[in-house]
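Each of the next two complexes has chain A plus one other chain: chain B in the first, chain C in the second.
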Partner chain A sequence: MIDMIVTDPTLLIEYTLMAMLLAVGVAIVRLRDLFAVVMLLGVYSLLSAAWFVSLDALDVGFTEAAVGAGISTLLLLAAMLLTARSAEPVSAIRHWSAFAVALAGGAALFYAIGDMPAFGDPDAPANAYVGLQYLERTQADIGVPNVVTAVLASYRGFDTLGEVVVIFAAGLGVMLLLGMGGRKPRKDGEGEE
Partner chain B sequence: MVELIAERFAYGVIIILMMTGLYAVVASANLVKRMVGLGLFQTSVFLLYITISKVLGGAPPILEYPFPATPDETVYSNPLPHVLILTAIVVGVATLAVGLALVVRIREAYGTIEDGAINEADYALDTERAGR
Partner chain C sequence: MNPHMVLRVVSKLLIPIIIVFGLYVHFHGDYSPGGGFQAGVLVAVGVMLYALIYGVEEARRAVPPWTVRAGAALGVLVFAGVGVASWILGGNYLEYEVLHPDTAYKAGQHLGIILVEIGVLLTVFSVILAIFYAFAGRAPDIPDEEW
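What follows is the complex of A and B.
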């Protein structure tokens, strides 16, 4: 398996994407101009969408490109325009304590990495049971060629219904918070908007 | 040992990306930048899940159509994590929208979105009330 990891040309593309993601991630953390930070998050989403496609997750790739790189960036840009254009510098003590938190969390996760299945292992527990069953049964049960669609809309349809409820609740929350349209003017006569 | 690390290289990169996002969440005093950090963390977790679902030499989980009469021998990547992450992406945008609406409301009420300044304003209000 290790020969495959070193020589497979699509993996070279993945390594390039990994390097770009790391560079963009560090740039997002270091910059204080919020416009640049928001646009770089869009770039980050687009790069991860490219990696999703390379990892065979086509549906996830185009959803991430449309929703993550598109709608999220739009929302963040709107919020940035309504609030502030640049972030103030953080104190050294805060920087180093946050760095320590990230370092401790990262060390714990790296310690656990040895228990993960090897990358691309077809016998990994995650790939061996339910996912395989969906692949085998979709043709007879649902009759849709795209297995992701079959699982999303049919096998796990209730899950997707719950997702719609979450979006409805979020939309309601945003409308209540921002008071779309008719907010009453204050009693002392000064309008709030 | 070298083989163990080489076979899990992608996970290591994703952990570093995840911790970059965590650092941005903890270290940012600016609330919009904190939401950006949350997005960074979130996207990296999606990457972790999709990396697990990949099968080397596998095809995207889209079957041949019209369906062949003989049993399909192609190796496909695992579709289940893809579905879970599709749901997570959409829910992630919903939480981002609510979070940003809160940030905009905080800006309206306090005139700033730096958390130190917000704490000071709260403290000043409390001492003023206590003094009355």
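What follows is the complex of A and C.
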């Protein structure tokens, strides 16, 4: 492993980030104070964002930084303020059964790694068929340097319209359920509606 | 003195930069990573940071809830409207080439992509802020001693 790091120093960054993710994950499981847990979840998202950037997935990286570290943290904070500040202690049996499920899932993923193409492999199915077509034709068809944008907004414009409608429907659901005015309960105990 | 003086000063400097960066991510989305989704999220984060520092009521005055409600629907309408416009101009639904006569430089494609991404930006920004208002409007502000 040492000689791999010497030939490719960016690996050191990735290993460090993975170790930090693991440490933050363990801390989140161990903590009872939900305020600290929410903050650590934000740290976890920020670390994953840095990891995505080191894997050259720049747009995924800054979406994760804005959504995971920014918006989710704020929403979890608001949810925490509405409910409880600290978690109830959980029995050891439930801890260990959850650990067993996580271990089994992780082992299955590790088993599957052998069948995955190498990172950035040009012969990988994701890069070979329709992906290659997009890379070859975008300049002539759309004239936009960013192929991701060309696929998202032009080739697959209809899908993206569907996605926007889904987001709209999600927002509509929240607005219908929770309302937007944020009517605080009246003091005379009459309830809200 | 306000106990959050440093936070207030720093956030006042940062919020405009966050919003301008969000718009940059949107309008430069053809050339660099990003687009309407990320831009909408970034601009919404700017407003949410404002709400976190100055309180939800202040943010509600700056970006009233009715604009958020209207924006969510308007974004979908803009996106779908670009499709209808390309229909009227003689193309297929969401066929951007017909939007602009300059076919040599693919101006129609550029125009169509920017327009539908504006729709995406509006909807994403509005929906995120709507969810935030719905939650934060019910939660009490964090008391000073808990910061």
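In this section, the second predicted complex is superposed on the first by the 173 of 193 C-alpha atoms of A that agree within 3 Å, B and C clash if a C-alpha of one lies under 4 Å from a C-alpha of the other, contacts with A are read in each partner's own complex, and residues count from 1 in each chain.
Rule of thumb we're sticking to: contacts are C-beta pairs under 8 Å (C-beta built on N, C-alpha and C of every residue); 3 or more make two chains touch, one makes a residue touch a chain.
None of these values were measured; they are calculated from a predicted model.
When both complexes are overlaid on chain A, the residue A:Ala170 reaches chain B and chain C alike. In the superposition on chain A, A:Phe62 makes contact with chain C only, not with chain B. Of the two partner chains placed by superposition, chain B and chain C are both touched by A:Leu152.
More residues of chain A lie in contact with B than with the other chain of the pair chain B and chain C. On chain A, the patch touched by chain B and the patch touched by chain C overlap at residues 58-59, 63, 67, 71, 75, 78-79, 82, 143, 145-146, 148, 152, 160, 167, 170-171, 174, 177-178. Of all the residues in chain A, the ones that touch chain C in their complex are 35, 58-59, 62-63, 66-67, 70-71, 74-75, 77-79, 81-82, 141-146, 148-150, 152-154, 157-158, 160-161, 164-165, 167-168, 170-172, 174-175, 177-184.
Taken in their complex, chain C has these residues touching chain A: 25, 29-38, 41-42, 44-45, 48-49, 52, 56, 65, 68-69, 72-73, 75-76, 79-80, 83, 93-94, 96, 105-106, 109-110, 112-113, 116-117, 119-120, 123-124, 126-128, 130-140, 142, 146.
Of all the residues in chain A, the ones that touch chain B in their complex are 1-2, 4-6, 8, 14, 18, 21-22, 25-26, 28-29, 34, 37-38, 41, 44-45, 48, 51-52, 55-60, 63-64, 67-68, 71-72, 75-76, 78-80, 82-84, 87-88, 90, 94-95, 97-99, 101-103, 105-106, 109-110, 113-114, 116-122, 124, 126-127, 130-132, 134-135, 138-139, 143, 145-148, 151-152, 156, 159-160, 163, 166-167, 169-171, 173-174, 177-178, 192. If you check the complex, the residues on chain B that touch chain A are 3-4, 6-13, 15-24, 26-33, 35-37, 39-40, 43-44, 46-47, 50-65, 67, 72, 75-83, 85-87, 89-98, 100-105, 107-108, 112-114.
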